[in-house]
C-alpha cells in the first residue's frame, strides 16, 4: 500500500496533476448506452418473471451504475484505492441487509408463536400492532393477505 | 433472590428451573476460565514490571520475534470459543423451543403491570405455575417494549408490541421468585394532582404499591411454583364464575359479577390509574361515579353502561374534564362479558 | 534538534504564523484560535470541549449513583432519574468518548507521527470542531426543552410515544455524527497521502494504525446512524411507521438500525484506547512492541469484525433463532484480535526496562481492567448465559470496564504522556500517581459490585430496587465518589502544570517515537524540515543516544546558567 | 535527530524541495499539486461511500419490508408512473453526461464550455425536481401521503381529526375493533385498487427515499452553482480543476442513487 504516494504522482512523477482525458464522443456513447438500458428495463417490467423481476431490474441497474462509476466518475483511470473505498460501501451495505433479513425474514419458522404477528388459533393480532381486521378485511377485498398467519416468518416463506 | 431461598452461590440466584443448572455450570466454567487467564496475564504483567523495572545497569533487550508463540495464542483461543459457542447455543435452544405438552399461559404486559391469562380464561397479576410441568408463556405488549425476566428460572425474553414472543421453563422445586421487567419502559412521577408520593414496602410480594410513582422498576410481579393440586385449585378459583351461570343461560348475579370485575380491575391494571377510594390519580376515581353526570370535553354525559363501555374501548372519545387523554384502548384485549363484570363492579362501588 | 533554517515552502494558511515558531506562541488573540486551521490548536480546542462534556456526563453519573444510594426516593423523582441516566449515557457516548481520543489526541499527534505538516483537510477539521459545538449545544438544549428519558438507545416505540424532546436530542446526535465522519475522513486521507518519506505502512506508529482503523469505522458506520435518527424524527413528526408497530412497523428493526452503528461505535471508542496503550507500553518498556504488525492488523480486524456482531445486543429482543445463532458465533471472533493485543502488550514488558511513570501506571491499569472487561464479554457472548445476564447490571459493569476502564484510562494515560509535548510544561508526577490510585480503587469498587448484583438479577435502568441489592448499590455509590476524587486530582495535576509546571524538554520520557523528535511544543509546521524516516517508531536499538536523550540535564544546565 | 530527520534536497515531500514551484492554489501542507489532487479525490470518494451507506439504511428497510410484504408492495407500486420515472431517469443521466463533459472541458482549460455544461446540468436538475413535484402532488391528492393521514385525500383527514393531534390513522386503529382506513384509489393503469393500511409502508419508503434523494439534488445544484461561479471568476486551469471534478463526482452520486431507486420503486412487481 505504500505505493499510494507514487499513485499520487502517477503517471509522471513531476508533481503535476495528470488526469486521463477521454474524448467527448466517448462520453456521448456511454450516455447512449445508458438510455438504451433505461428503455430496456422499462420494457421488461411489462413481462412477469415472477421472483426474477427484482433480479432483472437490479442487474440492469447495476450495469448502468458501473458504467457511470467507471467512465463518468473516471474510476477506470483512477487510483485503485478509490475504487476499493467505493466498493467497500456496497460490501458493508450488503452485510447490513443480509444479517438484518436473517432476523426479520426468518422469524416464526421454528415456533409460530415466536415472532408471529397473528395468533394461529384465535386469529387475534398481537396487541400494540395493526388490528387483525386489516388482514381479514384484505382477504374480503379479494387481495392476498399482506401477511399470512405465520406473520413475518410466513411472509418470508411465501417468498422462498 | 428472595427471603425463602437465599442465593445458590455468591454470584447467582437460586436454581428453580431445569435449565438453571446447565446455565450455571457454563457460567462458572467461563468464570474460572477467566480467573485463570486474568491471573496469568496480570500476574505476568506485574511480575515483569517489578523484575525488569528500570534501574542503573539494567537495559532492555531488543524485541525478538516468536512466530510459533504468536500463532499459538491466536489459534488456541479459537477452540475454547467454539466450545463456548456450542454449549451456549445448545442451552439457548433448550430454553427457546418448548415441548409440545407444555401448559400455555398468556402474558400481557403494559406500562406498568403484568397480566397472566390461564387456559381456563381466568387471569391474575401474579404468575402461578405447577412444579415439574413445562410451562410455555406466549407474551404480548400493549404499548412499548418490556422484558419478562425471572432470575431463579434463568429466563428472559423481550415482550414486543405488535408481535408475539414466547419463553418456556419447567420449575424443579416449589417456591417463589421475583418477576422483573428488564427492558426500559419509562416511568411516571406526576399525577394530575402534582407529584406522586413514593415509599417502597418490604413486602416481597408487593414491594411497590399502586397509587405511587411507578415505572420500569415497579413492573414487579411474583412467580409461585406450586404443587399440581394447589395450582389446579388456584386456576379454578380465578376461573370466571359468571361463566357457570352463562353456560346455563342464566344471568350472572350482580355480586358475583362485581367480584369478577374487582379481579379484572387488578389483573387488567385499571387500579394503576383509578382508585376506588375517591383518591384522585391519573384517571377519575370509581367511587360513587356510577350514575353521576360527568362533564367531559364533549359535554356532560351520564356514567352508565354505554359510557363505561366506550371509555374502555375508545378512551379518547370523551375525556372527563381535568384529566389527560392518556388511557390506552383495551379493544381486543377485553371480552364483552369481562366489560359487563367491570361495570357490575363499578356499580357496586356506590 | 538541529534547526537548519530552510524556509518552509508553499503558501501558509493566513495567520498560521511563522512555520518555525512554537505553535502556541506563533499568534495570539481569540481569532488566532477560533479561526485556526492548525491541527494542533484544533486538537487542544477539542480536548477542552470533550473534557467539559466528560465533566457534565460525570456529574449526571454521580447524581444517578447518589439516587441509588438507598432504596426509595433519595434525591429525585422517577422521571428525573430516567432523564439523568439518559443524559449520562448520551453525553458520555456521543459528546465525550467517540470524539475524545481521535479528535483531541489524534488530531494533535497523527500528522506529527506521519511527519506531515497538517491533516489533509485543515478547514474540514475546523468545521468538524464547530459541528461538534453545534451538535453539543442542540443535545444540551434538549435539557431545557424537557429532556429525553428514552435511554441513550432511543428504542422505539417508547421514543415515539414519550412526550419529551427526543427530536432535539436526535438532531443533535445527527450533527455530532457528521463531525465524527469529517474527522475520520480526514484521518483516512491524511494517512494515505501525507506520510513523510520513509514512513511506510509497516513503520507507521501503532497509534496511527489505531486511528486509521477507527476512521474506517467512523466513515462506514456513522452514516447509518444518521439515517436511523432521521427516520426516528420522521416517525415522530409524520408517523411514517417504519419502526412503529401501531402503523405496521417493527420496533426490533429499529434496534438493528441502531446497533449497526452503535456496535461498531464501541470500537470507535475502544480501538483508540488500544492505540494509546501500544505507545505507552513501548515507551515505558524501552522496547519495540512485541508483534507490532499483529497489533496493527488486529486493529483493522476489530474494525471489520465490529460490523458483523451488532445482533449480540438483541439476543432476547425477539430475533429469529437463526440470527441469534449467527450473531453469537460471529461475536466470539472478536475475542481473538482483542486477545492478541493483550498478549502482545504483556509480552512486550518481558525483558524490557519498565519505567514506573504515571502514564505507565495507567497503561498497566488498562491491561488489568480491559482484561476483566474483555473476559466478562465471554459471558455475554455465550447465548444461554447471556439470556440471564443481559439487561442487568452485569452488562452495565461489563461495558464500563471496557469503555471507562479501557478508553478513559488510556485517555488519561495518553494525556499525562503527551501533556509535556502539547503544552511544553511537565506535570507533577507524584500528584498524578496519587490521582491514579484513587481512580483505580474507586473504579473497581464502583463496578465490581455491579457485576455481582447483575449476576444476581438486578436489571438496568431501575429507579428503585429490592432490599437484597442495597449493600451492592451502597458500595457502588461510595466507589463513584472515590473515583470522582481521583479524576479531579488528575485534572488538577494537569492544569497545575500549565502555570506551575517546569519547562519540559524535547523528549521528557526518553521515547523513540517520531512525535518526540520535534520541538516541545512543536513548531507550527511540526518539523522544521520534512523528516526522512529511516527506522521504526519503537526501534530503541536503532535510535541514536541523541534521539533518546531526555534533555533534562540540558535544562538543568540552562537553569543553572540563567 | 541524525537519522530521523535530515534535509535531502529534492527528496519528495521535503520542505527543502525546490524542484517545482508552489502555485497559490497549492495548500501549505501539500508538496505537489498531484498530492493535493489525490488527497481531494480520495476524500471525495470516501465521502461518497458514506453517502451510499446513508441511503443504504433506506435500501435495507426497503429490502426487508418488500420481502415481508411482497403483495402489498406489488399492489402499491402500480400507483407510481413508470413513464414519469423513466423520463426523470433520462434527465438525470443526461445531466450526468453534461457534468462529465464539464470536467473534461475544465481539464482542457475551456472555461466558457465548462460554464455552459454546468448550466445545462443545473437546468436538468430543475426539470427533475419539477417532475417530482407533480408526482408528489398527485400522490397527496390521492391520499397516499404516508403517516398519520394515510388514506385521507389531500390532508382532509388531518382536518377531520384536526383536534386530536392529527393522528388520523391511529385514531381509526383505536376505535372499538376498528381497523385503519382502507384506501380506494385509481392507480396509474386506471384500475381501482383497495389499498391495505399496510401499503402505508411502501409509500413511507417511497417518500423518504425520493425525498432524501431530492434533498441531495438540491445540495448538488448548490455545489455545482458554486463551482460555476468560481469557474466564471476564472479560478480554474488545466493545472487546477479539482472543485469541478469533485462537484461532478457528487452529481454522479445523485445519479447513481436514482439509477437504483427507479427500478426498485417504479418497476419491481407483477405487471397488470
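Think of it as A, B, C and D in the order they're written, each chain with its own count starting at 1.
To be clear about the criterion, contacts are C-beta pairs under 8 Å (C-beta built on N, C-alpha and C of every residue); 3 or more make two chains touch, one makes a residue touch a chain.
Owing to the predicted nature of the structure, the values given are computational and were not obtained by experimental measurement.
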Chain whose Cα centroid lies nearest the overall Cα centroid: C
Of A-D and A-B, pair with higher C-beta contact tally: A-D
CA centroid of chain A to CA centroid of chain B, Å: 40
Cα-centroid distance, chain A relative to chain D, in whole angstrom: 16
Geometric centre distance via CA averages, chain C-chain B, whole Å: 36
Geometric centre distance via CA averages, chain D-chain C, whole Å: 33
Per-residue multi-chain contacts in chain C, two or more chains: 157, 192-193, 220, 224, 245-250, 252-253, 318, 321
Junction residues of chain B - those touching two or more other chains: 96, 143, 160-163, 165, 332
Where chain D touches two or more other chains at once, by residue number: 12-13, 31, 35, 38-39, 42, 46, 49-50, 52-53, 56-57, 60, 64, 173, 177-178, 180, 197-198
For the chain C and chain D complex, residues of the former touching the latter: 1-2, 4, 6-13, 16, 19, 111, 115-122, 124, 181, 185-186, 188-190, 192-194, 196-197, 219-224, 226-228, 230-231, 234, 238-242, 246-249, 253, 257, 514, 517, 525, 527-535, 542, 544, 546-547
Residues on chain A engaged by chain D in the complex (per definition of touch): 4-5, 7-10, 13-19, 21-22, 24, 27-28, 30-31, 34-35, 38-39, 41-42, 45-48, 53-54, 57-58, 60-61, 64-65, 68-69, 71-74, 78-79, 81-82, 85-86, 88-90, 92-93, 96-97, 100-101, 104-105, 130-131, 133-134, 137-138, 141, 143-147, 152, 155-156, 158-159
Parts of chain D lying in touch with chain C, wherever the complex brings them together: 1-8, 11-18, 22, 24, 26-31, 35, 38-39, 42-43, 46-47, 49-58, 60-61, 64-65, 146-148, 167, 169-170, 173, 180, 197-198, 200-201, 204-205, 207-208, 212
Touch list for chain A against partner chain B, complex: 107, 110-111, 113-117, 119, 124-132, 151-152
Residue ranges of chain A in contact with chain C within the complex: 1-2, 4-5, 8, 81, 88-89, 92, 95-96, 99-100, 102-110, 114-115, 128-130, 152-153
